[in-house]
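Each chain gets a letter, A, B, C and D, in the order it is written, and its residues are counted from 1.
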Amino acid sequence: GTTKSSVTSAPAPAPASSSAAKADPNAPIKQGLKLAFLPKAINNPYETIVDNAGIEAAKEYQGEAKEVGPSDASASSQISYINTLTQQGHDAILIAANDANAVCGPLQQARAKGIKIVAYDSDAAPECRDLFINQASSEEVGRSQVKLLAGMIGNKGDIAILSATANATNQNTWIKFMKDELAKPEYKDMKLVKVAYGDDDDQKSFTQTQGLMQAYPNLKGIISPTTVGISAAARYISGSKYKGKVVLTGLGTPNQMRQFVKDKTVTKFALWNPKDLGYLASYAAAALVSGQITGAEGETFKAGKLGERTIGKQGEVILGPPFTFDASNIDGFDY
Amino acid sequence: MTTATAPPEQATSARSARGLVDLVFRARELSLVIALVALVGVTASVNGNFLSGQGIEDILLNTAILALLAVGQSLVVITRNLDLSVGSVVGLVAFVTGDLLASGWGIVPGMLLGVAIGAACGLLNGLLVSFCRVPALVVTLGTLYVIQGVDHYIAHGRQINAVNLPPGLLSLGNGAVLGVPYLPLITLVIMVAIGYYLRSYPSGREFYAIGSSPEAARLAGVPVRRRILVAYLVSGCLAGLAGVLWLARFGTVIADSAHGWELLVVSAVVVGGVAITGGVGSVYGAALGALLLTTIGSALVVLRVNPFWQQAITGALLLLAISVDRVLALRLARLLRNRSRHG
Amino acid sequence: MSVTPTLALANVSKSFGAVRALREVSLDLFAGEAHALAGENGAGKSTLVKTLAGVHRPDTGQVLLNGEPVVFAGPADAQQAGVAVIYQEPTLFPDLSVAENIFMGRQPRRSLGRIDRKAMRAQTRELFERLGVALDPEQPSRGLSIADQQLVEIAKALSRDARVLIMDEPTAALSGNEVARLFSVVEALREHGCAILFISHRLDEIFSLCQRVTTLRDGAWIASEPVSGLTHDDLVRRMVGRELGALYPKEEAPLGEVALQVERLTREGVFTDVSFQVRRGEIVALAGLVGAGRSEVARAVFGVDRWDAGSVSVDGRRLPAGSPTAAMGAGLALVPEDRRQQGLVMELSIERNIGLTGLGSLRRGVTISRKAERDRAKDWAVRLRLKFARLSDGVGVLSGGNQQKVVLAKWLATKPSVLIVDEPTRGIDVGTKAEVHRLLSELAGQGIAVLMISSDLPEVLGMADRVLVMHEGRLTAEISRADATEESVMNAATGRAA
Amino acid sequence: MAKVLRWDVLVGALLIAVFAAGSLTSPSFATVDNLSFALGDLGEIALIALAMTMLVVAAEVDLSVASVLGLSSALVGSLWDGGMAIETIIPIAVLTGAVCGLVNGLLVTRLGLPSLAVTIGTLALYRGLAYVVLGDRAIAQFPPDYTALALNDVPGTPIPYPIALFVLLAAIVGVVLHATGFGRALYAIGAQEQAAFFAGIRVKRVKLLLFVISGTVAGFAGVLFTLRYGSARADNGVGIELAVIAAVLLGGVDFDGGKGTLGGVIAGVLLIGLLRNLLMLGDVSTEIQSIVTGLLLIVSVLTPRLVSLVRPALKGSP
């Protein structure tokens, strides 16, 4: 019969467009480009910041961009949107994939119609998109999070991870690298006791944190690499007896975390600038459509105020290292 | 012609019958309490923290809102109706109230408005179901979508942050009197009030009459439509209040607070022994159901159950709860039948 | 009369779609008078009752209360005006206790308007004493027999101590001594100046209880007159509009071999050691007081209830316990006592209901043949003189008696070899009653074995070749047609040695 | 008698209206591509709605369908990942669905529990099992010729295979429901269970069968879903039970049982699907879409009521 091995042994279908055309670095950005941002879900504040920045950026080069998307972060609902966008005929679709593989088929159909695909925030399978704008190298995020926490608990004690949904691609990649980092000798006294899932649901993350505290009485630290998770966790800890006993860090937006940094529930946490992410994605798409780049490794393009950017391996463009917030600098940011 | 007054043995059998009837009805609450005690017992024996002050406080806090919704829902279900829109009402109220409070509204007017919004939603459902006589399920599924849509439309990806909320509200969500947090207290008071009304007041009994047989209720001169309207109104108000408390409790909210809770609330009600076909059950049962569900949730985490198993186990326990309750009820009913017969 | 009637109808008409249920009907109910309402099934009696009760609004004409025109917006208004009604079909709250059923909306109160349950229980007992009912006030009304339900309804109406008491076939499910009980209570009420409207298809009850009688035919008023001047046949003629044959046309049929054999059948707490047999061509009556367990026996034999011990065999073949399908296969048919719950699917049409018992035989290939379904329905509708507009109408809108006919049709259509009928003529008018009886003996004549449960003693005596009597779940007597008399049967039924 | 406006007729009319509006307002709506997209998107919901219709007519409901879909999808994923042949996996997944249905059915018929309660429980249970099976993994790279079957159109037509299958099944269910003894039995059971039982209908057996069918269809839908999206995850199809229920209700099936037609349900499914597609093409935001869907449900039940309230006033006596 047809088994996995018999299929994967067959050569994988070659990416449709990339490296087919020749890149022309100094081609002008086309006027009146039509871009569409397709976030994981439209009512996720973080995604909204990113997309709005992208839409703003489009104005800079006289393009028009819009944000459409499902109200639930599921692959299937995202797909009907891809199909519709394809029907409407856009120049590029920018997507934060809920499921790297599920969106693949429709994206291929879109590319077949000459639409450029730029993944951001959460990648789609590489053969289905032209570019992936990565907020920060997944490896760096993973490892730096561990470093951050280790520094605060003196490389010692039980720690837990509060993730988003069990299937979130970016979360799982980060967690992979965290585990890898923890394997190093200097962390031999740190023990990862649990990976909990808050499903990016504020209330579930909140109660999951409660559970962790009770289940692991001598928990020293929590990493929550998701904006929803970290703020929920911070809120529970700040109101509970565990405040000051358990160290919390992760990825969060300054606005969410400000109060908890002020009340000393959280000392340090990290994030890239989501506005820059949207901005960069927007320019990358424009460059792609205008033929400045094709998505091949080594090509470069001008990303407005962010300056020149280079495409890494597998068509990945990295925004930059995550920025670490603390009491001293947090008031300088508003997002 | 013989005088057919009850012969003594019949009278006695009748009396024992009554004892049994009460038992049958109590049994529902009873079996819940037993299950609850067992669950807590096991969990605590494995991990002492579960019964620590913090642990209990957490469970009470988590239960409060669900229980509040369950109380409102059971009122509707008892009249042989259903309100699927409660989840989205909570979401709408939590966000709108948060938005207004953040923009400088006073706490009291803000909360009142929240409850008012809930009431409006309930009124809408009630009017459609009772006066236009359209199936409750369709209507409330419809309003679920509509209210959710409105909520997301208003929120549009924004977020309410605790910093911008009046501290007074937040302390309501997390503060306590004599160690007992406010939220469970509020729920308790409301539950007892409604429960007592339903049991001890003629108009309260009419809710059961309607659920038991709408046609008979009409013939008995029960103001069917008005009662059903009230049921939805109350359910709406409580959902509104729940929304406000949600805000007070969690501080930061986005559009989808309590998203998908409609089924959770219904299962709490059902586990609580309120018959989905109406006419049977109590708000106490419903609240206990809510408590049980929440406790299961917390217990599984505390017992360090693999997260991938938690949902499966929750489902299994839920089924176990209703099955056991059912079997118990059947046993007692049969016992009752045999006794209540010829001596 | 010079006195103004307590409650009256003046030229009231009421139609449902094409059906004109009432045409220009007038009726006066006077204080201290028991007024009978007679008419065939579908004549409009219940509609009239519902109009007086504020359930229906008259299309034309008026309802008069003490001579003043009133408009009852709903049942509540009528109750306010002191009108108490026992509807033809019991309207109880199955989940609530008997006591609560009786006092719903009028519970005795204690401080702060709260319900006084003690008082409620006590008053319920006191009511049951008066009616001689042995029911527990706290028992939920679900699972009560039709008869018990009817008794609760009566208690409910009496508890209102109303100025007008309207009873739509209250005795249909009751047997001799409950009826006697009821009448003595009603008498007392009447003497206290209560106006009474009484409906029954048992004419002797009308003669024994009422002073005046109004007859309806096809919704039209025929006559209102004192009962005293009337003979049985006069009344029948007014109702039916034609001469009527014998009410109990029982002709002897040659007895064949045993068709139904029941041995030591026992169901814990319901009936014990019930053994009997019914031969082909024989009509056996199962008599007894309400709650004796007759219906339960019938249900067990047919397989809707399981039995704990004993056996049932049809034509020598044993039936598996608890399988109606198997019973039907063996040629059994049961016309159940509760037509609303067990006999009919109210939402479905007449033809669908009649077809329900023949889903197998109506099949052509994989699908049901609508024509066959319709023919089957038409055939039996005609044979039973069913009163209907279209066969595709829901049975819900049929009059009580006509619904009962549909149930009979549904089962006779299965061409059973053993027919069990539980209260076959409950709520059926004299005309139809005669037809049903003719039908039964006709069927017996064709060699069908008939087991007839009935609380109508004359019917039992008139139709049965043998009478089996049950008391408190046991078979207490078997009486041949020859020795069967009111006394012998009642004695056995009330547990005194026959 | 005045003929009352039938609910399913109304929905059918609405469907036509939407289609007309679509072809007029949006150039890309009435295109072959778009319609086959729109229909394809309905695949699982439409299939499950068929089984659900029969259940609801018999006054029962199965809320666990979406979870059964998820479980089956998870199974397909882990078995495929484990190197089993897809030809063996598919039957296994479908069979699992059947077993899930059987469990629902047994709990309902043997213990006499309300199906709403039972299937809310199994909704959690089956979804949980899906996570137990697949955890946080997402399996991809399914055989192209099979994914093609789930995704592509029947050669020479704009009709995707799933929809072709749906049409076939719909025809069968239509006949069963409206022209066979089994169908008659369903309506009887839904309207007055006791009477159906007294008429010799094997009520429990019938209900059990219905739940098994519903489970089987959901199981198959899981396979379809997995292949169509080329991705197996434990959270596949979360929450589509409400979409199915909405379609069935919109189709005019009465939740108290005993009423409703399959035609209505099909119209309901298509109406929801096409309307959503049309709104998307018009760049109508998700919020508004959800509002419209809600209003649609309400209007569809309200209109016939209002009409029947107004009718008597208008018509004189015959």
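Simple rule for what comes next: a residue touches a chain if its C-beta (ideal position, glycine included) is under 8 Å from a C-beta of that chain, and two chains touch if they have at least 3 such contacts.
These figures come from a predicted structure and were not determined experimentally.
Touching chain B and chain D together: A, C. Put simply, the chain farthest from chain A by mean CA position is C. In this assembly, the C-alpha centroid of chain A lies 74 Å from the C-alpha centroid of chain C. We define each chain's centre as the mean of its Cα atoms; on that basis chain A and chain D are separated by 35 Å.
Once the centre of each chain is set as its mean CA position, chain B and chain C turn out to be 42 Å apart.
Between the CA-based centres of chain A and chain B the separation comes to 39 Å, rounded to the whole angstrom. The residues of chain D that reach two or more other chains are 131, 135-136, 234, 239, 285-287, 290, listed in rising order.
Residues of chain A in contact with at least two other chains: 42, 71, 166.
Residue positions of chain B with contacts to 2 or more other chains are 148, 152, 156, 275, 307-308. Counting only pairs that meet the touch rule, the chains in contact are A-B, A-D, B-C, B-D, C-D.
Chain B contributes residues 128, 132-135, 137-139, 141-150, 152-153, 156, 260, 263, 266-267, 270-271, 275-277, 307-316, 318-319, 322-323, 326-327, 330 to its touches with chain D in the complex.
Contact residues of chain D toward chain A in the complex are 28, 31, 33-34, 37, 41, 80-81, 83-88, 131, 135-136, 138, 140-147, 151, 225, 229-231, 233-239, 276-277, 280-281, 283, 285-287, 290.
Those residues of chain D whose C-beta lies close enough to touch chain B in the complex are 63, 107, 111-114, 116-118, 120-129, 131-132, 135-136, 234, 239, 242, 245-246, 249-250, 254-256, 285-298, 300-302, 305-306. Looking at the complex, you find that chain D touches chain C at residues 1-2, 175, 179-181, 183-185, 187-188, 191-192, 194-202, 258-259, 317-318. In the complex of the two chains, the chain B residues touching chain A come out as 47, 49-50, 52, 54-55, 58, 62, 148, 152, 155-159, 161-163, 174, 246, 250-259, 297-298, 300-304, 307-308.
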